[in-house]
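Chain nomenclature is as follows: A, B, C and D, assigned in order of appearance, with residue numbering initiated at 1 for each chain independently.
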């Protein structure tokens, strides 16, 4: 398949902002046009090929190699195609994304999929803070799509999200699901404190025990059939969600009473 | 969604009959706050002054400010956010049990009493300090108290205000807002202001090494910031303007001594409630003012060739 | 020296209605003629005096509070990139100061009046105004809830109250006096509101909102301020508030008055479900009472942030919308509330508001007495004025817009029955000549000899919104500031002030009261003249 | 010796910004700060008009203000991502210059608030 391959050849000394690295932008552009795309090294306008070797043209399939920790806004607002990154990548990966697939074989910075609408992001390593979250002052975070993080994630996972799904394979830090309005967060490795704080609606599923806010009230045990559906969906994404009664059950908590909200947190209790 | 409900300090002086200090120690950090604004003043509405006012201190330890208070609520360290969220639930008559309250270190009776006093107040005010805003949860702790204050307005008049330290930090906040739209944590690298605390805030920027030259004025990060941040300041060219040769000056490439504001440099400063006040310097300094030095650096920059080149006048879509 | 030849001129102040004439500018003023100099060929173009906004909120504590509350809007709005000579800025619901200047000038406005300055934040307001480039500015100090003044009125000490008002105008370096919700803000500080004009204000025995209005109007007339009392009536935005508004107007008989954002005060009905427009009734009274001017406070559909010194209204909005809310109470005078808000055509209340603003503009006969405004940013952002011009000039376009409203609105508004279309001459009146006259700024809104050479040159265009949104040239005091959308120059504007006379003993009288009520030193309050960038002191006038 | 008296002086040590201080000063130092609190007194009395520090330092060596301004401007001009930080203990007038400089530099701008 026709594909554009970018290889980092010069390490940025400060932040490199590259919202042009996006399938939508590259699709109709020639090799020379891609090479000449404007990126921002700190405050200075530079050509993309000052930092990357560029191979290929006119494709919505992008493969990037190198340590991109300082490279931000890759795949911003993309609506189609694929971006595959071999290495770590910086902030705002796939922010405002509206379709397509991003895969990172490495770690990602903060704001992965910030306010994204559609599409899929898979981070094989760790992610930073504010995965799928709302930007400062926005009322709504992620409104659709899927974010998978195999490793750990920072604070405020899914802050103010309304729809969509976030799966954290490892542990999340504080405030996962902060002010959540809908959608689903699956925490395979549990989370630190204040999970679901101020949530209005939505579901947080944790496979590890959680220290919950005092404003969540236990509302019974739960083996709902919809988890079966979730489980099958998650299986296609490579995530195992237990749902059989013989294996255990989910304890259900509702809150956050401080709002007051109608969110739910389901915590898996394996059968003894 | 909450919001921010606040007032000027004169309103507190004239009207506030219920004053809560949360995570701050005004007796030692803002010594005249009690006497000038909150507790001791009499007004037509509060003719008996201190006797007409109730003060509550919420803190993790019994500081000197506790002596001035009518009620001291000792919250367990790191449980402010939980406590405020419980209060948000209780003012809305959500069922809260003794067990839910336990982790805050307070009893349900204490919280019920606090809630009923808040609701009975004619004019309530929360002042919050760094004990709230700088502990785990940071801006969310402040947001929690601001939200509680906003929600209390369904019952009575209630406001909240941060106890800003450090002289004129409020002025910086106010000016950045009118000139850029944002209070702090700003980047101009795309030719217009963008805002993202965590991305553009200084400690994060320094720790990640996202800057290659630092201009420091009216602050001494070399004495207060985490070591990796200080290390980066030492690594890049750092420029310091300060009345003293500071810790930061010692690791800087350039230090310029300036006249201290309000002592020997004239100008304006904003109080914590965003009221501007003129400065009346008593001394003549042998050093130039910050204002003069920064203006001259700016003028020197303007004389250099334009590095930016042609850019559009305006963008419809920001990044 | 600049000459503009062959343009079609609309200059209502001099009765010139679409005549082709040449204009000559020297040293920032219009002159009769000269030879040489640069020439702009304006053949086929339309020339207006520069726009004047009589009522807007662009500088000071409240708009700056609104900026803090809406970072999400700053991100989605237009960004002005800095150049070697120009600062960067952001537009949107609450634009930054620099962008405010660029946006106003960009649509041909050259003078703006900041309508609400709390006594304590005057110094702040002036600092912000100094950072609004291009346009000339003035501001109005809030007085109607000033506790010291109210106490004096209560005690019957009218003369003393007058000195207090004059002292405050000068101390704040203001140009006039704004009265907001008289007596109501004082009550709000206890979580209450003053709704009845004849009932005593909370904490007073004799003083009523009505008596405050009458006294203040009289004081301002006697002081000879060029701009009359600038009044935001009680009960803003409430269904059925037409009664309050008409009663307020009766209290103003015999005095000059400017009624701010009348749209918000022209509702019938008993509650939100029955709310309807009473603009016809209001316009009828208004037409018969030439002592008053007004600005529309029109609403346009879309997002904005509402921000007024009317705390009670804002708390109601917060409860209605459940959105973010900010409130800032300033001691002894004012409170301001801030709520981001979206006006939607599908919302019956919003649709009534939209129609009411237009109805007032169309039903008030005399364009010299009703002015274009949205009470920026409350009804809509100021940079959307060209859309209102289009609605006023094109009845068909209005009908098109009405087709999108809920059908049940039709018995609540009179807009469908109005066929009036504004002429260019009338637009020039409500956008420039009229507000300049109401403000008492004789050098503005006027293309006559000796006046400030502020003008806007439009392409003649059937698309009215485009014509008024994208002028060919904007000229400020003889300098081309905008050319075909490009910002050419960003000169500093002047600030208009007045110094009404007051008893020199006022300081001594006021000092103890001030220090008792306020929380800053009396000496530190008055804004020093040297703090005002380019002050322009205007004379007080004699009114009969 | 007669001390100069300044009424209604403003203290910028903490966020209270008390503006009712009476200062008694000679040419060299402030001897009294009436009404100021213990922190404010220390603030006023510890600053003097003495030349305690060199005018400027470049790479640790004494320099003139002119040289230091030129060096500062050059460092800032060369940087790809300069940072302007602090602005707590200074005047609004200086803060406005700082914001303008950051705008011109295309750099980062931040205050103590972000800590």
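Brief remarks on what is shown
Everything that follows uses one rule, which is that a residue touches a chain if its C-beta (ideal position, glycine included) is under 8 Å from a C-beta of that chain, and two chains touch if they have at least 3 such contacts.
No experiment lies behind these values; they were computed from the predicted model shown.
The chain pair with more C-beta contacts between its two chains, of B-C and A-D, is B-C. Nearest to the overall CA centre, using the mean of each chain's CA atoms, is chain B.
Computed centre separation for the pair chain A/chain B is 32 angstrom, with centres defined by C-alpha atoms. Mean C-alpha position of chain A lies 44 Å from that of chain D. Per-chain Cα centroids separate chain C from chain D by 39 Å.
In chain D, the residues touching two or more other chains are 7-8, 10, 19, 79-82, 92, 96, 100, 103-107. Of all residues in chain B, those touching 2 or more other chains are 1, 36-37, 174-175, 179-180, 183, 188-191, 193, 195, 197, 210-212, 268, 270, 276-278, 302, 307-308, listed in ascending order.
With touch defined as above, residues shared between interfaces to two or more other chains in chain A number as follows: 13-15, 42-44, 135-136, 139.
Residue ranges on chain D touching chain C, taken from their complex, read 7-8, 10, 19-20, 92, 96, 100, 103-104, 106.
Those residues of chain A that touch chain C in the shared complex are 135-139.
By the touch rule above, chain C contacts chain D in their complex via residues 82, 87-88, 127, 131, 520-521, 523-524. Interface residues of chain C facing chain B in the complex, by the touch rule stated above, are 59, 61, 64-65, 67-69, 71, 74-84, 87-90, 92, 94-98, 120-121, 123-124, 127-128, 131, 189-191, 315, 318-319, 322-332, 335, 338-339, 486-487, 516-520, 524, 528.
By the touch criterion stated above, chain A contacts chain B in their complex at residues 13-15, 17, 19, 40, 42-45, 70, 73, 76, 91, 110-111, 129-130, 135-136, 139, 174-175, 178, 193-194, 197-198, 213-215, 217, 256-260.
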